[in-house]
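We just call them A, B, C, D, E and F in the order they show up, numbering each chain from 1.
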Amino acid sequence: MKFTIAVHGAPYGSFANERALKFCQACVASGHEIVRVFFYHEAVLSGLNSTVPPQDEIDVTQAWADFADTHQTELAVCIANGIKRGVLSDTEQARYDKPSPTLAQPFELVGLGQLIDAMASSDRYVEFPA
Amino acid sequence: MKKMLVIFSTPPYQNSHTVEMLEAAMVGAVFDFQVSLLFRDQGVWCLQNEQNAVSLGRRTVGKVLQAMPAYDVSAIYACAPSVNAAHLDPSRLKPLPQLLEHSAQAILLAEQHFVLSA
Amino acid sequence: MALHLVYSIRGFSACHPRLQQEDVVVLLADGVYCAVNPTAADNTQNADLRVMTDDLEIRGLTTVSGKRIDYPDLVELCTQHTPIISWND
Amino acid sequence: MKKMLVIFSTPPYQNSHTVEMLEAAMVGAVFDFQVSLLFRDQGVWCLQNEQNAVSLGRRTVGKVLQAMPAYDVSAIYACAPSVNAAHLDPSRLKPLPQLLEHSAQAILLAEQHFVLSA
Amino acid sequence: MALHLVYSIRGFSACHPRLQQEDVVVLLADGVYCAVNPTAADNTQNADLRVMTDDLEIRGLTTVSGKRIDYPDLVELCTQHTPIISWND
Amino acid sequence: MKFTIAVHGAPYGSFANERALKFCQACVASGHEIVRVFFYHEAVLSGLNSTVPPQDEIDVTQAWADFADTHQTELAVCIANGIKRGVLSDTEQARYDKPSPTLAQPFELVGLGQLIDAMASSDRYVEFPA
């Protein structure tokens, strides 16, 4: 089956990312396809390239990057929710004349249409609240 | 046509999620999803008339909501027991919602392809 | 039939009156406290309840009601139900 | 000596605030504040024995809490009605809190210079 | 006497049983809904209640119980009370 | 009187900053002194230099910077809460080998001791939750 996954909770503030990662790992292990992971609300901060997690704790951004690398999964950060919270691609950093880009690889800033588009081609939508 | 329901359970200025989820509802409608909104529990305060968030420097939820029909989000529901518990006069809510009892909400949920929660 | 993902005790209170007969309820995150709290458990007798083992162990909870599941079980339940609704009050 | 009370009202893994506020309590004690902790409502679940957040990749609240006495945070209170409502056995809580009724909590609050809430 | 800053309806429920006689309660943010909700207002009859006008206007609320205050009044209340306790359940 | 102000809620996610700013303005207008504004939990993100607020909405970071400039107020971001959420001074960026510093001027990254120190020399402590 095809899944769209939405993450709503902040990294380090909430535990939404940790739960969503475990779900996604079980999902692909069972042979299902994740069409897109969409980061919304405070979860856009999971795509920030400057986080320094405490020693012995999970690095949420790196864990998502590793997952995406292994399974060719698209990590989509809502652009409207992202730029207001300070998550900027090279393009947005230049457009708004901010000091530096802050989006981690391989996250992408995309419009809300990409959430709806993923849902339209998925069998299931699972949301991970804060 | 895919059916999408967005549920609001928090008062309009508890956080930014209410406005952000209304944006998701609008985009869903633009992409031809059949979009409904359900306001339950403290979320019914989103329908209170004459909100004004200018002094906060933020968008007014009531105004964003009133733009919904223009985006083809026309099915707006409110939980009847929640409206009663808040002592709100349903005839003064804006936009005017269809009131649903719990059992009707269960049926509404069952009809959806996708349910989002703010 | 719908699958209800209940993330908190208040989430269960919100979910419970809006259940249909064949629906399945998964208690996860702080929703697992409903499985140890007899007051909440009273209401759960009509519902088909599953409890995430991982979240029980994180919180130090042992004696609970409801069938225990893990993440692969949760994925399986998701494939069997639609829509999937999160309750996080 | 300034008195500081830190109140915990959410379950231990709802968010990171519980651990972050315990850190503030420890630093308060290091700076010679007289620090107390009060667990109320769903915050009493912080005192549940045998927590283990390793599978989350995060710190275990119960373990951080048990280090508190070493930092001279020795006054640990729990709301008696909240412990009852959660059906917890007070003798099995860790660290063992002093149970306070609402009226005793009101007196505890009144004695403080500073009250922090997680 | 303490000053209680109540940020939500649930915050009022948490604050109310822990009040002392001379304490003052300020309803602000979503706490102002307590001033329009008669059920909550019942409990408030023993408490010395103030309501933030700014937060009422943001939420479109008009007919409410309790004495209205603005930010300068809140600062003044803070100087008259200690400790200052936030309730945000 | 001397006040210590603590802000706990995320910018753009919560309204804690907007309320704290109004309080601080009323506070100094009444002749009181703000010893320090301490940003904790998600509020550390108020010190991020890359946020792009929606048009016609308040720029929280700039509003704090303007306030601090006018009233010589210290804006203190908790370093432990800050670096895990991606708020890095030049020093921390170099220490952890991250792409770029992300702390806005005139915010400072400081230890929790600076919160307790401010409280010790203040008459009042007021907290602005999420």
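Everything below uses one rule, namely that contacts are C-beta pairs under 8 Å (C-beta built on N, C-alpha and C of every residue); 3 or more make two chains touch, one makes a residue touch a chain.
A quick note: this is a predicted structure, and the numbers were derived from the prediction, not measured.
Undergrad: If you check the contacts of chain C and chain F, which chains show up for both?
TA: A, B, D
Undergrad: Just grab the chain with the largest centre-to-centre distance to chain F, centres being mean Cα coordinates.
TA: Ranked by distance of C-alpha centres from chain F, the top chain is C.
Undergrad: Among the chains here, which has the CA centroid at the largest distance from chain D's centroid?
TA: Greatest centre separation from chain D goes to chain B.
Undergrad: If you average the Cα atoms of chain E and of chain F to get two centres, how far apart are those centres in Å?
TA: So the centre of chain E lies 25 Å away from the centre of chain F.
Undergrad: Could you please state the distance in Å, as a whole number, between where the Cα atoms of chain C are centred and where those of chain E are centred?
TA: 35
Undergrad: Out of chain A, which residues touch more than one other chain, so two or more?
TA: Residues 12-13, 15, 41, 54, 57, 80, 125, 127, 129-130.
Undergrad: I need the residues of chain D touching at least two other chains; which ones are they?
TA: Where chain D meets two or more other chains at a single residue, that happens at 13-14, 16-17, 56, 113-115, 117.
Undergrad: Find every residue in chain C that makes contact with two or more other chains and list them.
TA: 29, 54, 82-84, 86, 88
Undergrad: What pairs of chains are touching here?
TA: A-B, A-C, A-D, A-F, B-C, B-E, B-F, C-D, D-E, D-F, E-F
Undergrad: Given the complex with chain D, which residues does chain E contribute to the contact?
TA: Residues 1-2, 14, 17-20, 82-89 of chain E touch chain D in their complex.
Undergrad: Okay, in this complex, where on chain B does chain C touch?
TA: Going by the criterion above, the answer is residues 5, 7, 9, 40-41, 102, 105-107, 109-110, 112-115, 117.
Undergrad: Which bits of chain D are touching chain F when the two form their complex?
TA: Residues of chain D touching chain F: 2, 4, 16-17, 20, 23-24, 27-28, 30-31, 33, 113-117.
Undergrad: Hey, which residues of chain F end up touching chain D in the complex?
TA: Listed in rising order, the residues of chain F that touch chain D are 6, 8, 40-41, 80-81, 111-113, 115-117, 119-120, 125, 127, 129.
Undergrad: Which residues, counting only chain A, touch chain F once they are in their complex?
TA: Interface residues on chain A, with respect to chain F: 10-13, 41-42, 45, 48-54, 57, 80, 83-88, 92-93, 96, 98-102.
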